[in-house]
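The chains carry the letters A, B, C and D, assigned in the order they are written, with residues numbered from 1 in each.
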Amino acid sequence: MDNRPALGVGMVGYAFMGRVHSQAWRGVSAIFDLPVRPVMTALGGRSAEKAAAAAARLGWASVETDWRRIVERDDIAIVDICTPGDSHAEIAIAALDAGKHVLCEKPLANTVAEAEAMAEAARRAAAKGVRAMVAFNYRRVPAVALARRYVAEGRLGEIRHVRAQYLQDWIVDPEFPLVWRLQKEKAGSGALGDIGAHIIDLAQYITGQRLTGVSALTETFIKERPLAEESSGLAGESRTGAKGPVTVDDAALFIGRFDGGALGSFEATRFATGRKNALRIEVNGSLGSLAFDFEAMNELWFCDATEPDAGFRRILATEPHHPYAGAWWPPGHGLGYEHTFVHEVKDFLEAIATGTDPSPSFEDGLQVQRVLAAVEESAANGSRWTDL
Amino acid sequence: MDNRPALGVGMVGYAFMGRVHSQAWRGVSAIFDLPVRPVMTALGGRSAEKAAAAAARLGWASVETDWRRIVERDDIAIVDICTPGDSHAEIAIAALDAGKHVLCEKPLANTVAEAEAMAEAARRAAAKGVRAMVAFNYRRVPAVALARRYVAEGRLGEIRHVRAQYLQDWIVDPEFPLVWRLQKEKAGSGALGDIGAHIIDLAQYITGQRLTGVSALTETFIKERPLAEESSGLAGESRTGAKGPVTVDDAALFIGRFDGGALGSFEATRFATGRKNALRIEVNGSLGSLAFDFEAMNELWFCDATEPDAGFRRILATEPHHPYAGAWWPPGHGLGYEHTFVHEVKDFLEAIATGTDPSPSFEDGLQVQRVLAAVEESAANGSRWTDL
Amino acid sequence: MDNRPALGVGMVGYAFMGRVHSQAWRGVSAIFDLPVRPVMTALGGRSAEKAAAAAARLGWASVETDWRRIVERDDIAIVDICTPGDSHAEIAIAALDAGKHVLCEKPLANTVAEAEAMAEAARRAAAKGVRAMVAFNYRRVPAVALARRYVAEGRLGEIRHVRAQYLQDWIVDPEFPLVWRLQKEKAGSGALGDIGAHIIDLAQYITGQRLTGVSALTETFIKERPLAEESSGLAGESRTGAKGPVTVDDAALFIGRFDGGALGSFEATRFATGRKNALRIEVNGSLGSLAFDFEAMNELWFCDATEPDAGFRRILATEPHHPYAGAWWPPGHGLGYEHTFVHEVKDFLEAIATGTDPSPSFEDGLQVQRVLAAVEESAANGSRWTDL
Amino acid sequence: MDNRPALGVGMVGYAFMGRVHSQAWRGVSAIFDLPVRPVMTALGGRSAEKAAAAAARLGWASVETDWRRIVERDDIAIVDICTPGDSHAEIAIAALDAGKHVLCEKPLANTVAEAEAMAEAARRAAAKGVRAMVAFNYRRVPAVALARRYVAEGRLGEIRHVRAQYLQDWIVDPEFPLVWRLQKEKAGSGALGDIGAHIIDLAQYITGQRLTGVSALTETFIKERPLAEESSGLAGESRTGAKGPVTVDDAALFIGRFDGGALGSFEATRFATGRKNALRIEVNGSLGSLAFDFEAMNELWFCDATEPDAGFRRILATEPHHPYAGAWWPPGHGLGYEHTFVHEVKDFLEAIATGTDPSPSFEDGLQVQRVLAAVEESAANGSRWTDL
């Protein structure tokens, strides 16, 4: 008999992010001892037919074609938002105001104004015991969480440098179509918000420092692309010879300063040919350094300069005492991308059950949004230094 | 409405292997389009209480404390054997004779005689459309399946060398207890059967060649270990100061020849300090080479010597056209250990649905068993060359 | 009988750079078939005693305590300048005007004005058949020269990204003394001119593009250091407890644009704990990518995205057809740091012998100097975009 | 004034090995403070014309066409033997008996009998203060010498495993000609003696243990090759369509036991496509592990299992306190293949000057020869275990 309280989950959106979140909701209870029991109650999507097919496949018990129904249903306690950024604010605020806990995909919003409203809604909700979390899943890579632990323990000393890159190459081909991620009104920005947001969040999370100012440049290498039939996923299909303008950045580079004195170098691009999902971060401190690359996500490289013959050592973050890792398999039997979402959902459920604020909060998401806005402002003004 | 035929699955054993298999049965349908629908019908375990807890957690609908009930139940079409090797033969033969499809963990058995009886049972069953498969899961790493594809396409030319190692270090500490994997009557052999079996299978699978003879040595570095309270899992706990003899090998090394003319060098050990799950294989051919290390399981290293400035290149086996990978996430968003079992279950279900013999068959498992026996025989006779 | 014309070489300075250059002058003729024969005629240094000891050890036939004598001597055809940057201009201009070929260490000078005067002197000299070259030795790493060849052949397509880092850690310790490289009047700048100059040159050399503007920041983490007894080398020794101000940058970061449309991200630092001499450059183009790290200097990583299953491949740049490599050892028998200078000297001697302008020219050195100045200007003006 | 005693060196042979040794003799004094001064007195070669050209290029003062003259000359104190293995014994014994110090290339000889006679001559000579050393140059890679230091200091604990491979691919092409290294009467054996000898020596050197028995197999993949015009170097040129038999092994594999209880796995091959000079060795002990690959020769990988979050760390063996490294360049400015010979010559000269026996001695060379013979005997007898 499972006496744990059940929490109904309603998820809005079922494209790439929705598929991964479903894996997490479905699998989390088999791996982690949770104080509550998530139930995959409803999937929200505009097309009843497509949503039903997705729900059947992904394990959702029912379907709603209007996200407002998800927000209203009494059997739903958690709303999981997996839609493009232009709808985050409306759904999240409505859900929070309706007393639903909210997990929202990143970036939190498409504008700072939206993000501010969302953070405000989260504050109101928190006062009533309702929780909100933004889904920066990469914090939940065990190697990344271990990196954070090292910095927090002081093993790196004073942090001097952060260099972070998120390198992909899926739109190098100029014939790749104009999917929604390349449209400003849908996605807010391009590489910057989609993947740049991750490295901004990770840099701040790992170091415990916040960016105070940036100087940036952005570029759109391919100005026009074939129109896509479908615009709700990573892949698309061109129907005709017609083209449309790419209205977001293909790449964003910036340098910046952190409030603890560190310098930062950031680069997010979808034009790094041969790099598939190379989220990389290196942190140099006075006592040691850390390096991580998501393409080898089970590895954390750590240099402890206080030991003789120091060098970067490859720690497989799969030991029982490593974050999250003990719940899984024996050492060396690595995890994959989707498991970062399992960890995310686990932490979110625990926060709800224990009545604590989950992290990263909407406030954290807002702060990242401000960095994104500062980067865009700087880039639009000849790389002018832009304070945060 | 899901009109696909349902296939009830009964799994025996719920330790490490049972947990991983459960992940696969639970998750496979969300990722792959299957012609049948697996149902997690029953979990078998001797302790009703423990089995019930495991079933609740892992998602099994019912529990049986006698595996014979699993074999008998009408609502079970597939028996999945996740017990130690000493019970494989009895369960598998009974299940096959009862018309159940069988997925059996590796090594197939603890002796060649058992494996022969199992292969014979599989032949009888196949004649009646009942399928049997041995669970060499590492064949289902996308990078490994891609390696096989390359060799089959002739891209390596004539194969000259295979060097395969399976390196772990979980029993380096002499205080690590005498768990069942260190007891011959339970496990059959030590590193040899547990992990050596995998590299033997992989070497033969990737090259398409079979070993024809070996010269071997084995060693037990730590002769006695503290008795373990529990002996059904990787971890154990010593109760008293009492010790018992380790009756299996800690390490097994052998050299051999393949029927296609290649030379092989093999090493399986649990004493490679710092190597956690380093299943490595390198294949050198007249036109190219391949290298793989499970500790970086999403990478296949390929050298095409027919191109100028050849070198080993790191292929992230996460592209849509790579084996299994297209069903998952975008390129670079890697998979983990458990997903090899998802692929295994998927292939097994497809074989059942399409009425074809799954691979690796029990015959393949028997052949690996013969290699294991030849290695032990050679080692017991001063490394004498032992033909297969 | 060696009928090749002899060319007397006079080298000024015998610290780190002088030692390495001596290796090159002494060894080049044994490896390469040169049309001329360099003779190690004279070593210049202020202390007669120390210079004599260095000359004996390093293989120089005589000693001069005034560099002007080196410039004047009839038996000297080549002047090799290995002094700190503050003396480059004076020596180089005098030597060129005296009709001596000049090899000058980088950065070319400490200011743009000096560099302009030097480039002007080089132009005057060239008209008389006298050659001048700036010693960006890393161009002569075989892997780097191979990278340039690939870009020139179009194998990368249109260049989109350059990310270059030069990471060292030799002054992380605040007790490391105030050597000349940390003093602006001697060194001109810190990490920027010392190692940043190299990655600026390499980025432009490999891509064939020039930077058109930058936005930069610099930082001096440790503001004061113990005074060093000696200030002419990398190492130093503190005499008393007295401290002096560090007047150069510890780290310099900048982003920029190239005239061919590429974006650049640059970082030079002496505070990357655990990185010893990590000169790294990655170039992404529309058809492929390249990556290099001097800490593994015999390797070039190349991704040819036009082939199926593309990935970065590790080319050991030690094949007979690779730049410089054919003159040395069999494939895989790698070279070291000093050999980049052997190649430099070889190319310089060939340029002299064949009456062609060597590369990188003083004009190239001046252009790098302008980038260094733009970086400093931008950093001094709140990262303001600074055109070149 | 250089008051150090001069020691004339006479080198026999000027192909690949002679070229590298010349680099060492010419350069050693500029890097290391030596108590003696080597003088490159005479080069021995059968063709007066070719030897003279080589001497001019490589820096030898005179030429002898009969090696006996080298042995006799009063101005020669050291004889350096760089000829194929069939002439080692005759030259070395004559030189030692004539009171010359001898540095002899590896393998020491082509047979155990020859090696025994050489070791006997070395013993006789040692009694008279005459030194003999066999040129296992890879011991002088700083990373390898550091590995030895770690084991000697007990940092690895009890050694359990050695896995050593020397992988090359220069004769994969069946049209590569029948050079002297493929002829038993010249070379003694193939991959076994040429490169296998190195890993045997390194395994024993690093662990401080000696092999006590082996089980082996060897193979010649390509039985016939085009005749080469010239047979004294790695490269050759086929003159006609005629072919001749390859009389040595292309690959040799063996497993063995060490006197300290470790197990060894060895593989030497010239058919590892894509591996150029991959001399690799990994050592696993009860407290830690080491790994090395000559293709990245400046790196030693060390895992200290006594520290939490252990992992293999990449030590750049270029620090001042690392073996040999302090005499060269700053950290991270790596060395190359030829520098191992500089170190070898340095150690040899110091042994001569200080009247100590250099290492590895001819006795060490003889012991390796015995291992080579045991490998061949085992391989010839169906991999029969062969004691040493």
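In this text, a residue touches a chain if its C-beta (ideal position, glycine included) is under 8 Å from a C-beta of that chain, and two chains touch if they have at least 3 such contacts.
No experiment lies behind these values; they were computed from the predicted model shown.
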Contact-richer chain pair (by C-beta pairs counted) among B-C and B-D: B-D
Work out the mean Cα position per chain and let me know which chain is farthest from chain B. C
What is the distance, in whole Å, between the centres of chain B and chain C, each centre taken as the mean of its C-alpha atoms? 54
If you average the Cα atoms of chain A and of chain B to get two centres, how far apart are those centres in Å? 35
So, what's the distance in Å between the C-alpha centres of chain D and chain B? 42
Please output the residue numbers of chain D that touch at least 2 other chains, ranges allowed. 275, 303, 310-312, 316
Please name which positions on chain D make contact with chain A in the complex. 146, 302-303, 308-316, 319, 322
Which chain C residues qualify as touching chain A in the complex? 156, 160-161, 163, 165, 167, 169, 172, 215-217, 219, 221, 251, 253-255, 257, 261, 263, 265, 267, 269, 271-275, 282, 284-289, 303, 305, 310-312, 382-385
Given the complex with chain D, which residues does chain C contribute to the contact? 2, 16, 19-20, 22-23, 26-27, 29-30, 56-59, 168, 170, 234, 275-278, 294-299, 316, 318, 329-339
